[in-house]
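Take a look at the structures below.
The same chain A turns up in both complexes below, where it pairs with chain B and then with chain C.
Let's turn to the complex of A and B:
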């Protein structure tokens, strides 16, 4: 993790292993694509450039970017304190439930009130969901990896319960609630193809996380705790409190990503709205090596790959999983380059 | 002694990013010799040996072993070539037993049952051969540093080391443990091993080494045979003309009577009254500790490591809460005060275990320099850190305390052991304090830095700083303290005034005899 210290190598130097990792990963997957009898160059072209060829592609990418960057932060913020939050998925789901509940219970409020309330509903619900593992850690020293993962499963049951309960939309064939009040819809920045204002929120979060972790006193304590909890404790930092705080903040960010899915994309609660955002968020956080500055860029890159992958499947019939392999390989090679460079 | 070198390193160069750690360094090790490696903090001793041990890749230069050119790619490879190393800051798994720690990562005979009796027999043979007795079935965490050090040596021997590199093995040892270690080292070389021994203590070098090489700023200075050598030559070699030997605390204060007693004021700074710290076992960790420490006074706490020194420091800092008694700072009860407030109300702390308790290896040097002060002006205001101020102050501290680093944003973990210690010292002195609790503050420092620390402590003493100097280095205590109290099994067995200082008497008290008062 290099958030804490800018070491001497230039930006260019830091980028080299990344670029190399991407090239090697693409080459490796290219071999498979070729063996499967597809046109490799066309596949590369589709993966890398779908996002930039049409306005639609670009907007698709931004829409993918929003949940991914937030999920990545839900992972990297506690990571700065040395804690592993694998519960971004559950926090997203519970945040979505909180947001939907507010939007359904107060359907007639004007947008000026309802939008912030819906988002806040998501943040608070997610933060509470993050507080549970935080508290278990604080009180009983129970490993947060375990609890956050397990709480994901609890959240699956919870969303199923809510989406098939009294708010169920009888017309839908899939567990879904009735829509939230119109006033809770995030406004559109671009109408066609639609781009909702969640992108602004995501960017604000990116800026806030950056300032929080690198500039604020609390962020300093977070980083110190992650760097050496014992020494931080000896010098007066309440490290257990920092652990809890970091997971609660992560929960809030995860919850916010759920709220944005509800108020920007689905306008209702739908089972399965979490997609595979958690895993991608973890991959982003790890490729960025926990560096919050790098997270948005990596998230954007992964969003490009994801959008390219769907296009590739549509037009060339190459399975999207190929791109998942690219992502995993990039991660692997970035981590490997660290081992090599340590010498 | 055969004078043909078995190991030759020639023209070794190593750079980290742009800074040159080693430049055209050569090193020769003869068969059956103990070869001392001396040099100031950051001179490149550890780096040179890490290259030999395959941890770092050299930029250029060559290494030959038994007159054959070799290439060492990893520690595993080094061990394969019978080169073993015990690190300055070694890592052990504290919940494992000695035996488990030693065999960890090696081929095990009964892999599936994890029955380690075959290994245990082998290790016992080594123990007998080299005079390194350790109970194999105790968990490592319960052992004193000296024994853990032995375990590390056994680990290297068990892996077949014939060339053994010891990086500052004596910094954590008591004088008794040092003697034992030296005896073992002699046995080892008598049985055909060769040893590289890194240290800052000249006396040790002169008493145990056959030959000595000195490094300065990543370059060779000299290699001398023991009988050609003397202390002053080494100091000159290590520091060049940087240090004013005549005016140094170490070389001038010595036995002379003047101790600055006139700076001791009437006001009591720290008052401990009947402090108790019970433990789960039957022996209390601290028992009836009472003393008064005045402003402008230096009170030494002597004792063999592990007699409650750390607990005493942590009780004063509020890291551990005593189970009884009173702790007062400037006549104010501070028992209920959390650590951060104690630090803010003027207690400076240099913890004993610099890496574990005092340093953030993954954070920057600037981060490290403000730890504990980060909530207060000028480093912080309105919930935000003023990084400009922090970096400016950090740059000044780096300069004043001669910390060898590329700058405030350098990663802390890149620093050499002694330079990490300098960071801790700089931090402790960076803010005006009323009370300094310093636990082995000069551990791992080279002689000029040690001298600098002493002169800083004496300077602050003039301004009224009360210092509790907890040290296992008796010479250090005799040099600086106004009074010395001896801690034995969590109890103060006596206190001596400077006029009554007597090494032998203190030594007796350290093993539990009460002073006749």
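Let's turn to the complex of A and C:
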């Protein structure tokens, strides 16, 4: 894929286009916000600094960061092999179903057993969901973009089915299951405002992905496959197998993000728990140009914007989607910066 | 008329009505693909066109102006796709995804800014059926084929026109050649760039009409995410139809049939959990891809950017 970084630029050289892209995107949307009659400076102050003004804001940002960074990896890991996984949303949902199922079926286990089992339930369910498009690609050569996307829509119906089935919480108005066993709740690192241990898991995944893709033989085969499938095949790498593996790993990571939503945040299965994490994850992965080192930093930046956007909607009545446009434009300008450099 | 005929007629009529967004979005995709531009932003373009087309109709009180604005929006997205991929030679999938994000974002942002949150949804009148004189009086067939809204006729005519244009005119031949083998086309003096811009823009406009069809025929209002994957399904339909206008038109009957079936069984109270019926269109599409993907003939240069300065393939 051409979007992978090729040369080894200095940190400064890498940062300049990003800063420029952010400034241009903010300026472009700023004009729009001003034309709508809102206070631009107040809006941007809220967007950029809500995360850093109060402990609560910072913890909200970390909580947002967890699913976003995992969704981004669910996209960038197959991207390293040259495959587009647009199915992180479905993998999250099915992972959440798997995690909730374990937590509801084994409610009395102690935390030491139940937490790992709940997380594992999510990982396995997500990996299986990722295996379907992987297998279709392997066996029938079907474009993975389409199958992963279409399976998202299947998962929407599936979560509705589970959340309104035998495990339904009759007291809830919205499709919701009964809570998982107490032992399945992720422990809190900070009590008030609550920050659950999912942040540690997310950081561990970040380290693992980094080592896998840059420091291991298996990861080298993955990257080699993406860089030049034909050459990789000549050197004895089973390219088709690498494609499947990359989507299955992505499914596992996506499933884990669902499991963390269940065991850390909701403590039950709720329809809609996926929010817009998929699209933001894709944006993060693309802004990072598939570079797994850069993903956590970009994810943190997007988490800051998202938390700021909610605050802006509450206090200034500017819709949160305004910030989504900023994010999409940052992506576009970052991509454009490559063109500028090429010239 | 006997008892069995009326439901059958209604069913057939409903399939033709449901076929339109699939046909238009898929023909738009096919047209771009025939010059090598592989659009994957359909879902976003349909959403933003539905949103803007709805808003414009709501304020102008004219469905015609609404459809035209949706075409313009779709064409603008097509233009952006062409500019970024043809001119700047950026990756087609990545740009397609970026345009998809922008479309999704704008589609929810604009109604919030213009109308705000209301208790009762703002409504526009839906498109009326226009019976064709004489033909609509033919028993059975008349009601199905000749008593539909204008965009049903439009979708069929566009499909037939595209077939004639691509296969029976020399301009169409030149156009197809740029998607098959741009080097050869270029050496014959055909401008690959012009062809790509042209098809991406017209294709985008068709996808735009497909989007605005949803509020104009189904709901009378815009709701977030109302395209429900039809944009992605249209890509699958394009492969299913082998990137040929008439095959796409025929294939869309199958996609529409599955959607109508899923809907009809839901309201019939069959005892099947309705969630599984909701899955049907997506699962059926994946199944169809299993059987047709290998045999589908795709334009030779699909999804690749052409650089005349580069040496061979």
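Brief remarks follow.
Keep this in mind: the second predicted complex is superposed on the first by the 336 of 343 C-alpha atoms of A that agree within 3 Å, B and C clash if a C-alpha of one lies under 4 Å from a C-alpha of the other, contacts with A are read in each partner's own complex, and residues count from 1 in each chain.
The definition used in the following text is that a residue touches a chain if its C-beta (ideal position, glycine included) is under 8 Å from a C-beta of that chain, and two chains touch if they have at least 3 such contacts.
Remember, predicted model here, so these are calculated numbers, not experimental data.
When both complexes are superposed on chain A, chain B and chain C occupy overlapping space and clash.
Once the two complexes are laid over each other on the shared chain, residue contacts for A:146 go to chain C alone; chain B is not touched. When the two structures are aligned on the shared chain, A:235 is found in touch with chain B, with no touch to chain C. Judged by the number of chain A residues each one touches, C leads among chain B and chain C.
When the two complexes are overlaid on their common chain A, residue A:220 makes contact with chain B while staying clear of chain C. Across the two superposed structures, the residue set of chain A contacted by chain B and also by chain C is 1-2. Those residues of chain A whose C-beta lies close enough to touch chain C in the complex are 1-3, 36, 84, 86, 136, 140-143, 145-147, 149-154, 156-158, 160-161, 279, 282-283, 286, 319, 321-322, 324-325, 327-329, 331-332, 335-336, 338-339.
By the touch criterion given at the top, residues 40, 88-91, 93-95, 97-98, 101-102, 104-106, 108-109, 112-113, 228-229, 232-233, 235-236, 239, 273, 275-276, 278-279, 282-283, 285-286, 289-290, 293-294 of chain C touch chain A in their complex. Listing the residues of chain A that touch chain B in their complex gives 1-2, 4-9, 215-221, 223-224, 226-228, 230-238, 343. Those residues of chain B that touch chain A in the complex are listed here as 17-18, 55-57, 314, 317, 319, 338-344, 349, 351, 356-365, 367, 370-372, 374-375, 380, 383-385, 387, 406, 409-412, 414.
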